[in-house]
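Right after this note come the structures.
Look for chain A in each of the two complexes below; its partner is chain B in the first and chain C in the second.
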Partner chain A sequence: MPRRSSLPVTFVVPTLVILLILSMVPTLYAIIIALQNRELSSTAYSWVWFSNFFDLFSDRRFLNAVWVSVKWEVVTVVATMVVAIGLGVLMFEVASQRLRNVYCLLFIIPVLLPRVSAAFVWKFAYHPLYGIATYPYRLLTGGLIFDPLSKPSTALFAVASVDVWQWGLFFAVIVLKLLETLPPQPIEAARLDHAKRWQIHAYVTLPMLKAPLVSLMFVKMIESLRSFDLIYVMTRGGPGVATETLDMYAFSQGFIESGKVSYASAMAVLMMIATVITFTMLWKRVQA
Partner chain B sequence: MSAIVCSHVDKAYGATTVIRDLNLSIEEHEFVVFLGPSGCGKSTLLRMLAGLEDISGGEVSIGGKVVNDLDPGDRGIAMVFQNYALYPHMTIFDNIAFGLRRQKVPAPEIDKRVRAVAATLGLDPYLGRKPAELSGGQQQRVAIARAMIKTPKVFLFDEPLSNLDAKLRNHMRVEIARLHQSLKTTTVYVTHDQLEAMTLADRIVLLKDGVIEQIGSPAEIYGRPANIFVAGFIGTPNMNFIEVTVARSGNGWTLTGAGTALSIDGAGFHLQPGGRAVLGIRPPDLKTARDGDAGILQGTADLIEFHGNDALVTFGSGGKEISALVPARECPVLHAPVRYMFEEANIHLFDATSGASLRQQ
Partner chain C sequence: MKPVRLAASLGAAFVLSATVSTLALAQAPVCSAPVKVLAQPRDGLTLLEDSKAEFEKLSGASFKIDYLNENDRRAKSRADASTVGNYNVYYVDEANVALFASSKWIVPLTDYYPADYDYADFDPGRQKVATYDGKVWFAPLTGGGDLMVYRKDVLEAAGIQPPKTLDELIADVPKLTNADKGMYGIALRGARGSGANVWRWMPFFKAYGGKWFDGDKPAFNSEAAVKATEAYLKLFKDSAPGTQTGSWDESTGAFLSGQVAILVESTPLSGMAVDPKTSQVVGKIGFLPPPSPLPGGGYGHGLAIAAKANADDASKKCAGLFIAWATSKENEKRRLDAHQFGELNRTSILSSKEFADIYGADLGQALAETGKVTAVNFWQDPRWPDLGDRWGIILEELIAGTRTDVKGSLNELEAYANELVKK
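After this line comes the complex of A and B, so read on.
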């Protein structure tokens, strides 16, 4: 029945082709640029093949950016999941139905805030003199100055806390809703089986929710890769290079400091390859 | 000593009272079945015994100890749920062992006990599987194993067989009966299936709207129902009820209603001349009448349901539908006139207003 089967194809193919072009062209273009030595200041260029990549591996600032990115990824993903599961379980255990609705509403608000706004709000909250987040410290120490965003040891965590504030609370709502969808009988059976409240969650409910929780974690991992706006507003990669992730560094190499577009593209290509490989492996691990 | 005592137990959800001033005492080793129509509070009562539902008023004690405020785990009970409630992510072995592990029983002993219980219930081949890889009957056996391994003082079952098909249900019913014979553990069993109640129970507790209508052995409940509700609820096909007026006649009594007048001796019943009563006769107690018999109900056969050995004949008598269960070979043809008689020993009489039995105790 060629007539019947050609109709869906007619509709689907153009869209797919457009999508493919939209996603493939920039990617291919980035790869091509990464093999050249283009700079923003001139139109002249030549093919340098892999020398950008070799340069990267001897660039200490790049290696630092890799390390910061890994730290950022691990800290935000782990903290988000811990906060989400902790708060979700806590709400499930102690909050009444009405209170749960109120909390859910409150916890969804941060994630609705545009990232840049959230970043500005918290940048001010972390202000050493006027910030509300540093107020307890000033109160307890009798007016000592604490500036988390300008200390290399705390800056990353201060920025990460904003990310967790946005996503951890939102995920807590999702975890609560997931817990509410579970059938009550296994939980009751566990109560009869001498399980304490925390054991019920550790051994019964959370394992039952393993698949959705892993999916949530993947969503957060992908989301954490796109932290540019948050870091840009709060620290611009500083102090020094303490919060300079790969995308921050690529951006500043490409457009701010030296205009080395090809060098930045090489970084982007490496990031893409690393991300694809890591996620494929993780996904396989989880599926197994 | 009684295994379970409920005294003046109430349960309310907000403004709606589900259980009202319930008093019940269950002996050790007894098999008690809670029976009643849907929504009468059977599960609620059972869950209150288990500690899964808090008690609004009154006192529940298990093994001589008041358990109102004890955690479910500390009440010495084990429960089997209608939908098995297995832990889906654990193997069968882990499912059965879960309770022992939480009590910190040493691993070698857990292993020994799980294997022993699995052997009793024929679960050996499945210990490494997940619940989703078992049939419904096997899953319910795992649920029973999980309850058994705790060696509880009391077993609680909430409609454990209602998710199974008819054949498997019979099989599992026999298995539960056998298990109770060998373990002798006090058991409370909730069902709305009469056959299960009749075959398993030492005593049946018949509930309606959170109130106990009658407590008694299956034979008592069937043979001497305390009121119209119990009489109508127990027994398939359902008992026939005929509203009658009672009158004195000579040494006996005459019951007039449904187009006939029936003479009975009336000994054994509290009857009032001129009073109104409800006569109850079970369909199997109606026999094909011969000439000269007394106590005759007659009409035309409207409906004949063939059951195999028997046939259920429904006929109209004085505007009232009456059913008789007769041997298939005596089955009349449709629309033929039929006449049935009964023996006085088999009838039930109830007060027309209160519904209570008029039988002398």
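After this line comes the complex of A and C, so read on.
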């Protein structure tokens, strides 16, 4: 019987301990703060237990932020996956290998831009008078003004389009590479059976790629939760509260408006719990 | 060696070493590490960076300025001051000086401001804004009140005299809007914030007789606030595109690029409007005080010594020296030479012949006139940013149209103010 080595434990345990400390200390601290009434402007505080959590449910801005966050999550994840799969399949079908390489290079550039830079570029592009993105509208309507970031009905979609521009194009490259790795036999077999192109992808290639596509979707879902920088630069949660997501509202409460760090922490803790539950359920459902 | 000679030699050696130490101390640099400054972009500060070597020679260390736009600078400085304290010098303003001072995030400036730099030379109005609870907290980088800047050519073409009253302004603005030709009657601020949309709304509130508090009792939920908000929203229908979610940059940008007929804004606009480098409307504009009874919004921004990052007296002296140097007469003269109108704060500069030669008599006259109607419109209390920002969000919702009930909005703000007072 081979002797059990302690080497794996020696290597793994310190790393795990560091990871545990890095993840648990801030989490526990956030939970503790959420149960107090700390404010930035004062060192005095007391324990209020679940009072911050109860207050949240009667706070109209918090309820609005929950709804905006759900909308943001659905819009960005669905649009990113649609763009990624659509463009990936299109490149696979019509582009030569050389052209595919050019497209891949171009499509990776947006995601390499820092989010804040991308947000500033697009904020200017959406300017109602000078913006390149609003220019076609001005041209077609004889100079009428379209200000997508100032309208509550369009602001969220305008910001989401930047997110999709960055991640949808990047994911399209990944989808293309996944398609290229598939064995050619099933596709050939489908072609011999006179399957149309869309049928080949709908019934053969994409079902074969179900696992990596689901993983990509989860990555995007997690990434979409961290939309703060994009929204902060482009709209700061406005107009009004039309694009105020939970992280944006928590930051506002903690550091912009009133310095209520405990109240903001309560929001962060609720977000964490909701995210863990939702992702666990979704993961189990996908695995089933 | 005889004892007397030995004693004399030791004495001489002691005196010599003491003298050398004193000289060394006298020449010891004031700063031992670069001064870290958190500020918002200002032409004056950018110009200051060209003279880094001068400060290094003076203090023994350099400086580094991190720039963030106004709202971000307010948020970051608040977070930094209350937590880690990374910055030696904060850029503060009239809206948050009370909060920073009462929270002990900054220290009284004059304790560490070298007397040679003559703090008393600053414009008295700006000194007043920099004073809270009887102590001076910052040295001004900018400040002033409001001016009405208008397009002479556009008003003449429309046959309209420059409005002298608020009623005339409200009546004239729609007549001046010609969206097809890219001309808008006015530009206001829509973006949330006590220093953004609320700042421009407050003169209307005061003009209609509003006041914030009566003792500890909120008094702003009044007919005056309703009228002020309705007037502001009415004018917003003719405000230039981009201003609905914009602030100073967007409204002045629209005016300077020739799309706005009338703008009532903070006084630095006037300097920008006559500068061909920043303005496309040079030679076409006139200046007047804000239409009566609109008061000007008195304000002042400047540099303050951080408490946390400057734990000892030496660091505070270093930060104080930096602030004194940055706002000195010599540096202000450089700003005047660079035609940075909005960066001038010292009476010795504002009343100089060079100033009159550059900006002309008209602007000087308008500035003198507007000084008479400049007032502090906000609630001078550490809780002001909290209350002001809350109203800023509600006002932005009203401007965006996601809210329509003005009275209901004021009721909500009053409930929030009562909570603030209870604390």
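Methods note: the second predicted complex is superposed on the first by the 281 of 288 C-alpha atoms of A that agree within 3 Å, B and C clash if a C-alpha of one lies under 4 Å from a C-alpha of the other, contacts with A are read in each partner's own complex, and residues count from 1 in each chain.
We adopt the following convention: a contact is a pair of C-beta atoms (placed from the backbone, for glycine too) under 8 Å apart; a residue touches a chain by one contact, two chains touch by 3 or more.
Here the structure is a predicted model, which means the values were calculated and not measured.
Taken together in the superposed arrangement on chain A, chain B and chain C fit without clashing. Judged by the touch definition given at the top, the superposed model places A:A189 against chain B, while chain C stays out of reach.
Contacts of A:L19 after superposition: neither chain B nor chain C is touched.
When the shared chain is aligned, chain C comes close enough to touch A:F255, but chain B does not.
Of the two partner chains placed by the overlay, only chain C lies in contact with A:L129; chain B stays clear of it.
Within the superposed three-chain model, A:P207 lies in touch with chain B and out of touch with chain C [touch as defined at top]. In the superposition on chain A, A:S150 makes contact with chain C only, not with chain B.
Counting the residues of chain A touched by each of chain B and chain C gives the higher count for C.
With chain A as the common frame, chain A serves as the apex of an angle whose CA-centre rays point to chain B and chain C; its value is 150 degrees, to a multiple of 10.
Looking at the shared chain after the overlay, A:V70 reaches neither chain B nor chain C.
Put simply, the nearest alpha carbons of chain B and chain C end up 49 Å apart when the two models share chain A.
Listing the residues of chain A that touch chain B in their complex gives 183, 185-186, 188-196, 199, 203-204, 207-208, 210. The part of chain B that touches chain A in the complex is made up of residues 50-52, 71-73, 77-79, 81, 83-90, 98-99, 102-103, 146, 150. Across the complex, chain C meets chain A through its residues 71, 74-76, 78-79, 82-83, 99, 102-103, 179-180, 182, 190-192, 241-242, 244-245, 254, 259, 382, 385-386, 389-390, 393, 396-397, 399-403. Chain contact summary for the complex, chain A toward chain C: residues 40-42, 61, 127-129, 143, 145, 147, 149-152, 235-242, 251, 254-259.
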